[in-house]
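Quick one: this structure, given as structure tokens, is what I'll be asking you about.
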Amino acid sequence: MLDKRVKSVAEAVAGIRDGATVLIGGFGNAGIPVELIHAVIDHGARELTVVSNNAGSGRTDLAALLAMGRVRKIVCSYPKTSGSVAFEELYAAGRIELELVPQGTLTERIRAGGAGIGAFYTPTAVGTMLAQGKEVRRLNGHDYVLEMPIKGDFALIQAKRADRWGNLVYHASARNFGPVMASAATVTAVQAGEIVELGALDPEAIVTPGIYVHRVVCVPNPQQAGQP
Amino acid sequence: MIKPLSRDQIAMRVAQDVPDGAYVNLGIGLPTLVANYVPSDREVIYHSENGILGMGPAPPKGSEDPDLINASKQYVTLLPGGCYFRHDDAFVMIRGGHIDLALLGAMQVAANGDLANWSTDNEKIPPGVGGAMDLAAGAKQVWILMEHVGRDGRPKILERCTFPLTAPAVVQRIYSSLAVIDVTPEGLLVREMVEALAFDELQEKTGARLRLANDWRPIAIAS
Amino acid sequence: MLDKRVKSVAEAVAGIRDGATVLIGGFGNAGIPVELIHAVIDHGARELTVVSNNAGSGRTDLAALLAMGRVRKIVCSYPKTSGSVAFEELYAAGRIELELVPQGTLTERIRAGGAGIGAFYTPTAVGTMLAQGKEVRRLNGHDYVLEMPIKGDFALIQAKRADRWGNLVYHASARNFGPVMASAATVTAVQAGEIVELGALDPEAIVTPGIYVHRVVCVPNPQQAGQP
Amino acid sequence: MIKPLSRDQIAMRVAQDVPDGAYVNLGIGLPTLVANYVPSDREVIYHSENGILGMGPAPPKGSEDPDLINASKQYVTLLPGGCYFRHDDAFVMIRGGHIDLALLGAMQVAANGDLANWSTDNEKIPPGVGGAMDLAAGAKQVWILMEHVGRDGRPKILERCTFPLTAPAVVQRIYSSLAVIDVTPEGLLVREMVEALAFDELQEKTGARLRLANDWRPIAIAS
């Protein structure tokens, strides 16, 4: 029987190694898998590379992981937001590496990782300092930058509902990076607000097919991300 | 007496030019005000990079949904006909040329349409690019909303940007606090100026050569 | 007011020019926009390039367009199916050009067309005759073939329900190429079984956001594709 | 007396090896029979390239849905927990290495795992590749189901394929009508043979050098 449910957030992130690349869903404070991030904090893994749109805000979840010095490098599009104090302190002290990636290139690189694409040419960032050192190629009369796929050892994402096959649906703009990150990790761990019977999710409306999901834990009342 | 446009007045002026039925992405800050002023007989579809089409106004206090936010991380609503989609699909729309109009703020704009709106190249401040480069490169049209000069009085419209570029040669039009200026192959062409402003004064506050359109007129804000 | 509804299939395909590239949805006989194809037949456009997974079967829809000699070139993954008589006759007579593309590469090239990607590297077809004459590049220890985007002047697709903004939902596996083709054409014309009020489609379950759709015509009882 | 396995018996033998919980793509033809024989205590998720996960058996006559078909264009059903998705996403699953197992037919297989299953290079017949190259290149494992020799009696297992390749070096295992053969770095290793078949006879019907595993055994079909 195919059953991806696990009993605890600890079990959901079990096996995460020092030095792992972790894709973390969320945009602003929507869709952040707060409890899974705290499970990584409790787990103890260090020297992580985190791929996430933002770099945490407040003092909980990603900001807490950063503040504990557990992240070697962050790959993101918009690290400085209101409340990104933890990141800013590390950055000013030279204690974290930042790879800044335009947001659309970030999502597309993750998609390429999940889709088995070896690399792709994008018009974004042509003629800017974020294209420095990268191959630029003229195709069909326009310039494009070559970009490489991103894959994760783990992806941590939040969903509204799941079933035991790992099918997922989301709520409003909390969907954001969840689906694309789910497709690009060796282990995709999901915290779902609710786990429903197999067949209860509309097959026409499932957003993330279970094939991309490996572990699902039920977290009925998740904390709000980015708390001070 | 010259009265520069307020932020809301800039937004009002732009709103007059947003076409009925357009798919529009509003950048962080000043551009978000435009949605408040689009004439009610026009149906404009607002896109948000975090996976929303058909964004509506801010919700009444108390009925905010923390999972329903715009790119500026403000609470929004969804109109009937709106929908949600994956972040990668949101950028398929942007990069693929499906957004009719990106309304963006700017630090600097050059006479050839170069845009700088993401970094002041200050090493102490971590840079953040977000979706700015994708929008600048991908939208069918890019219009800029900004103060005509910086807080320090220095021009923001220049022959060449000194800040790092967001994208080269992408801006079609600038709505500043003093003028409406088209970026043309022959350079910057002033279409409108605020009342009582002389062209020479405008040129003085501008770091690139301007031309005045034959059919220029004063900026009119419907109030 | 944004209203993409048109009154007839003729209006839906109006403006299609001789020499146009037309993306046509469907896989097997599911999801084929039969009435829109017949509108193209009636319209009269010639020298078309058709991009479609199959090359028609029976004597109606795509097979009829082919049999009338209106297609100069077909780009597809699987032209020979049971009933693909019209195509086979043209092919044997040397009267149609065939560009054979692996199915996953076909969908990805169309996606690249819709997504503004300049080109991409795929592992599919490496070391085969379908990679001959194409750039092969070693990336991260594996070989990949460079593939170019496909865009259409028109896309013709079938959907189950639509609204006046062009939002679409599909039925079962008739979804197939519809969403990706919708994103990659200058004019996307949709025949929908039903047109519903704005707001009647669940915003969490809309498959093709209206931004990709330009014309919607209601065809309540479409013909079955591939009739003999 | 040697009795080659029937098509159904090949499918039965393969079905024994399909792991519980696996995501499996069944190629056109012989492989589609495997679904009929997977033990009922195993939950196997069938993927179809036209946007289906969780395919169920053929529907009862009269309740077919013309919009619910598999890659072979046969009517199928959807199991609870199954879902539909876009064609491009179906190939994200394939190309991205998310399919555990592709069960495919073959015209020829080479000793190094090269697969030829899409074209006989006959200029009069239009070639059709479908999803074969994507599956061969993308699935985590590729197992081949086929007659051991062609209808003309010529070997289909060869040192080198003579037909155009589908993908080089991708086959892990061959389930033929006579034997179960692993493709190993040291060449083809026979794991199982049908009753009464001598290894020399098998080698004679095979165009590539075989080795017999020390722990080889007769093919057993649960009936």
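So that you can tell them apart, the chains are marked A, B, C and D in the order they are listed, and the count of residues begins at 1 in each.
The definition used in the following text is that a residue touches a chain if its C-beta (ideal position, glycine included) is under 8 Å from a C-beta of that chain, and two chains touch if they have at least 3 such contacts.
In this text the structure is predicted, and so the values were computed from the model without any measurement.
*Asks:* By label order, what chains touch chain A and chain B together?
*Replies:* C
*Asks:* Averaging over Cα atoms per chain, report the distance between chain B and chain D in Å.
*Replies:* Once rounded, the distance between the two centres reads 56 Å.
*Asks:* Quick one: report the Å distance separating chain A from chain D, using the average Cα coordinate of each chain.
*Replies:* 36
*Asks:* Measure off the straight-line distance from the CA centroid of chain A to the CA centroid of chain C, and report it in whole Å.
*Replies:* Averaging C-alpha atoms per chain gives centres 33 Å apart.
*Asks:* Mind checking the centre-to-centre distance between chain C and chain D? Centres are C-alpha means, answer in whole Å.
*Replies:* 29
*Asks:* On chain A, where are the residues touching two or more other chains?
*Replies:* 108, 111, 115-117, 122-123, 170-172, 204, 207
*Asks:* Counting only residues that touch at least 2 other chains, which ones in chain D make the list?
*Replies:* 78, 84-85, 91, 94-95, 138
*Asks:* If each chain is a node and each touching pair an edge, is that a line, ring, star, complete or other?
*Replies:* Contact pattern: none of line, ring, star or complete.
*Asks:* If we use the touch criterion from the header, which chain pairs count as touching?
*Replies:* Listed in label order, the chain pairs in contact are A-B, A-C, A-D, B-C, C-D.
*Asks:* Taking the complex as given, what residues does chain B use to touch chain C?
*Replies:* Per the touch definition, chain B meets chain C at residues 20-21, 23, 43, 45, 47, 53-54, 78-85, 89, 91-99, 138.
*Asks:* Report the residues of chain A in contact with chain D in the complex, numbered from low to high.
*Replies:* 1-2, 111, 113-117, 163-165, 167, 183-184, 198-199, 201, 203-204, 206, 209-212
*Asks:* Enumerate the contact residues on chain D facing chain C in the complex.
*Replies:* 48-52, 65-69, 73, 78, 84-88, 90-91, 94-95, 124-134, 137-138, 164-168
*Asks:* Quick check: in the complex, which residue numbers of chain C touch chain A?
*Replies:* Answer in residue numbers: 108, 112, 115-123, 137, 139-140, 142, 144, 148, 169-172, 202, 204-205, 207.
*Asks:* Where on chain A does chain B make contact in their complex?
*Replies:* 27-31, 53, 55, 77-82, 87-88, 91-92, 98, 100-105, 107-108, 110-111, 122-130, 170-180, 207, 224
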